[in-house]
Amino acid sequence: MARVVVDVMLKPEILDPQGEAVLGALPRIGVNGVSSVRIGRRVELDFDDDATDLERQTRIIADKLLANPVIEDFHISVAAEDAA
Amino acid sequence: MSGVVPEERRDRGTGARVGVVTFPGSLDDRDAARAVRLSGAEPVSLWHDEAALRSVDAVILPGGFSYGDYLRCGAIARFSEVMGLIADAAKSGLPVLGVCNGFQVLCESHLLPGALVRNAHLRYRNRPARMRVETAKTAWTRAYGEGAEVVFPAKHGEGRYVADEATLDELESAGRVVFRYLDNPNGAMRDIAGVCNEAGNVVGLMPHPEHAVEALTGPSTDGLGVVASVLAHLNEGAVR
Amino acid sequence: MTSRFNVVVDSVGVASATPDEKQPYAELGLKEDEYERIRDVLGRRPTQSELAMYSIMWSEHCSYKSSKVHLRQFARKNPKTDRLLAGIGENAGVVAVDDEIAVTFKVESHNHPSYVEPKQGAATGVGGIIRDILAMGARPVAVMDSLRFGDADHPDTARVLPGVVDGVGHYGNCVGLPNIGGETVFDPSYQGNPLVNALSVGIMPRRRLQSMQASGVGNAVILLGAKTGRDGIGGVSVLASATFDEDGDADSRPSVQVGDPFTEKLLIESCLELFDAGLVVGIQDLGGAGLTCALSETAAAGDGGMHVDLERVPLRAAGMEPHDILASESQERMLLIVDPAHAETVLKRAHRWGLLATEIGTVTDSGRLVVDYHGQTVVDVPPASLADEGPVYERPIAEPNDRALVAVDRAETLSRPSGDDELRQTVLDMAASPNLCDRTWVTEQYDSSVFGNTVLAAPHDAGVLRLDERTGVGIAISLDGNGRYARLDPYSGAQSALAEAYRNVATTGATPIAVTDCLNFGSPEDPHVMWQFERAVTGIADGCERLGIPVTGGNVSFYNQTGREAVHPTPVIGVLGVIDDVRGRIPVGLGEAGDTIALLGTTAEELSGSEWAWAAHRHLGGVPPKVDLDHEMKLAELLARLASTEQIAAAHDLSEGGLSQALVEAIMRSELGAQVLLPEGVDPFTYLFSESTGRVLIVIPRGQEVAVRGACEQRGVPITPLGVTDSSTDGLHLRDHFDITRDDLAAAWKGRIGAGLGE
Amino acid sequence: MARVVVDVMLKPEILDPQGEAVLGALPRIGVNGVSSVRIGRRVELDFDDDATDLERQTRIIADKLLANPVIEDFHISVAAEDAA
């Protein structure tokens, strides 16, 4: 099984209300040194063993399905095989 | 379905003070206060950031989107000043009811087991939920007949109750499943709509009893039984 | 400051010293003569910041430059009423409900953003209209949404519709406002140009009415709410391209904004607290044109001057320049004018709600809006030149030359179902058509009960809210439009929408008192579109004059077109009514078994523009149903009367789909069936599917028939008994014609929207 | 500025309907070789320059706030400094 990970994050200039909310909550749990929090999605795709061309296929999936290009950027990485 | 709460219990002015917490983003706090008022008790508003319980006899954590609920519903509310007090008081028997977001806060605070995650169909859904009251042995359900059917509005995007099998088995066998859907609206495991802690003073459920207190505005008046229960509980002492 | 920002700002001094510098006014959408006028007003070239501000404030969206000459009709023809406490020109109209309570409501479009990014576009549309309501001093208490999409089965509808509904729901649900109604319409004319119109309504004690005036020299100007980021400054980024380094990719700046309903909720609670404490002198929401609009409008409405230190504005993004800050459309912000003695208190109270609040300037009597940035003056203008003295155009108008041809292409001549089997099937086909089918897919994504005052919401004819638990006084609102009718005849089509919203409100037992409107049209530069616009506005203004209810505010959305194809002209009308006691509200349904079903009004053969013509033949032509406003007034008065005397158990307005659809919906709302016998001599098809206006299906409790008939005769409202409600059948039994079981009706009516989306 | 990333994923035994929905949609865009999709959160925390003990602080944040141990696991990684 081959795992590919797609990280989808809001473009830097887009407001991230989730991140802002978490940032605002950090002092409540005693953490003060954080200047910014951004929250996105991590998508783990497991391909069949015989699947080929993973990067290209993943790009299609990310482009069409996982990310909204108007407000989000994505990044693809082929992760190490999951040991679990 | 209406009439689960005997008329004489509804309006009894007990003088009981029922706290309703307002977190930033709480939405149903006014409605919860109204339900308390209609049941003849005195609603007392509690502010999330004040470490004061104002000598209330019971507490309701209302629905809404506390702190925006952006991360996980209830995740941030758990760290508010007032939640610290409520958690302690709950352990020594203070009746606490969490509705919708309030239920999520109770789970996040580990006052109730399990968690509430995204509805299986992935959408927010607002519809009346038919449920069975599975146990009348809690502070918030003793005015109902066991097995009574009630209808409260359910309206949430993240209300699917999940827990591991062992926890679910434990809840079932200890009679801690309090409300069960007859028509599961969100994919909750074992159709669970509401649960309680071991002592039965802390109850959480997704559907909204406070929106079922007037025939004019709700699908039923079944929700009056929830506050009536806690008033009876306060009058007569703990059941368990 | 980041290292990127080391450019000298284009200050007034620099502008005076470099009068000939070329400026990208055309790229910013300003015409040459408009640019010259700016230079005249200022006596020099504008600075970059000023140019940004003029280009925004003089845009169609903010200046209403193409529509203004026509909208004046509303003020001219509005009936006089003591109820109107604030009217056109304010953030939203305010009408008195009784001696203590006032209500404010308004509808606004967010069409284009909702096409680009359906969820956030629709969400921020809802957020924007809520802030308008808040700015009047009211607590927002409900929202409604009028939605138009392309064909129900078009793949792009599957992208746009779920996103829009998610956005409307997400924002309204999180901010805690019940959604009490709206419209969902499909038509290929909206392919590529969906219409998303959002309405909000608020309630206030009359004495809490707020003003947008920046009055009181020395008063503090406070910015409340979210930080300012690079949201929605697409147009103005032209200015940046010259001053940004290579890596400052100005192009990627989004014109999409993301809404934060949580912050909006805090804004609402915090502002209401400040109003009640008497701490606010003036207030304005930051909407489409951000600080630019809020500063210039409050300054122009007040004592005439304001000084702002722009560097005090809390920013979300690094490297923003003055014109970016002024143009940013970041959501969830309000501008407050506050007595300096109270400024500290205001900041503290805001912080208690976890909101950012920053003093950014002061009110002056200089007659100028002066904006400094780190000590350099970047704006120095007469505020009225931005807010009130923008260009006004009298655009060319031309009646389309195909009018006569369209008028004779009548739907009344189309082939009709023959025989009872086909008639029965037509009832089912119509119930299953995208514009008539069950809307639950949409409406169950909306919270309708938060606040505990929703008495009626979808699927009833109008949303009904209780305003006062003690007295039971309440309001009803309906939002309606019909683009097809307006396409055939914009004057009567607009009046039809008005009449329908008016009738929907009356059908719940309320008395209509005020109107808001959202006018969705193509390009004003097209004389045919301008003709449609002029006709529609005149129709609404004449109609409101006739009905005796004022237009209190609204919104114009132009440029709804793809290429040369404009959307159907689509005036969407919101009518607000009052009801003395919401316990007397009339729901859709069938009452109790044995009650009488009757039809109020007259049915003529009017099929042009109808849902049947469209669904069965994809036909649009002819002359739309006639509107009779005098009759509508009698009907409304009758319904209010019958409601208050409890002589009516249920009622349902007839509109798209005619009597057939009204019966289907009434049956689906109850557990009973309907036994119907059509009057002798009528053509059953016409009687079932004609869309004649001014008709309402009513259900009369047993024993009240004579009294109801008397009330109708007294007012000259025709009434036709149609049958009885019945517990022995559960569907529609049309005597001598056909039977349809509840199951068959439900199978046709339910699930259609989801099916179109591929579910 | 130092960036730490926390990946939060639903535990494998918890149903992930969002992931299932994406998986179900893949054939429609012509992708067939994927056997599983899981969707979680990626949280990017930017610490102030003078912040110390990032890992320990991040662990507190993740433990208390970002992940719910009943349903989620998390993983912390210190990312390369952001060049932008």
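Letters are used for the chains, namely A, B, C and D, taken in the order the chains are written, and counting of residues starts over at 1 for each.
Methods note: a residue touches a chain if its C-beta (ideal position, glycine included) is under 8 Å from a C-beta of that chain, and two chains touch if they have at least 3 such contacts.
On a predicted model such as this, the values are computed, not experimentally measured, just so you know.
Peer 1: Tell me, which chains sit next to both chain B and chain D?
Peer 2: A
Peer 1: Any chance you could check whether B-C or A-C wins on number of contacting C-beta pairs?
Peer 2: B-C
Peer 1: If you average the CA atoms of chain A and of chain B, how many Å lie between those two points?
Peer 2: Between these chains, centre-to-centre, one finds 35 Å.
Peer 1: Between chain A and chain D, what distance separates the C-alpha centroids? Give it in angstrom.
Peer 2: 7
Peer 1: Out of chain B, which residues touch more than one other chain, so two or more?
Peer 2: Residues 67-68, 70-71, 76, 79 of chain B each touch two or more of the other chains.
Peer 1: Give the residues of chain A touching no fewer than two other chains, as numbers and ranges.
Peer 2: Expected reply: 12, 17, 21-22, 24-25, 29, 39.
Peer 1: Can you list every residue of chain C that touches 2 or more other chains, as numbers and ranges?
Peer 2: Within chain C, residues 260, 262-263, 354 contact more than one other chain.
Peer 1: Of all residues in chain D, which touch chain B in the complex?
Peer 2: Where chain D meets chain B, its residues are 10, 13-15, 17-18, 21, 41, 64-66, 68, 70-71.
Peer 1: So in the complex, which bits of chain D are touching chain A?
Peer 2: The touching residues are 1, 7-9, 12, 19, 22, 25-26, 29-31, 33-48, 50-52, 57, 60-61, 64-66, 84.
Peer 1: For the complex, which residues does chain B have touching chain C?
Peer 2: Residues of chain B touching chain C: 24-25, 27-28, 30-31, 34, 49, 63-65, 67-70, 123-127, 153, 155, 157, 208, 210-211, 213-214, 216-218.
Peer 1: Across the complex, what residues on chain C touch chain B?
Peer 2: Chain C residues touching chain B: 166, 169-170, 173-174, 176, 260-263, 265-266, 352-354, 443-455, 466, 469, 582-583.
Peer 1: Which stretch or stretches of chain A touch chain B in the complex?
Peer 2: Residues 17-18, 21-22, 24-25, 28-29, 39.
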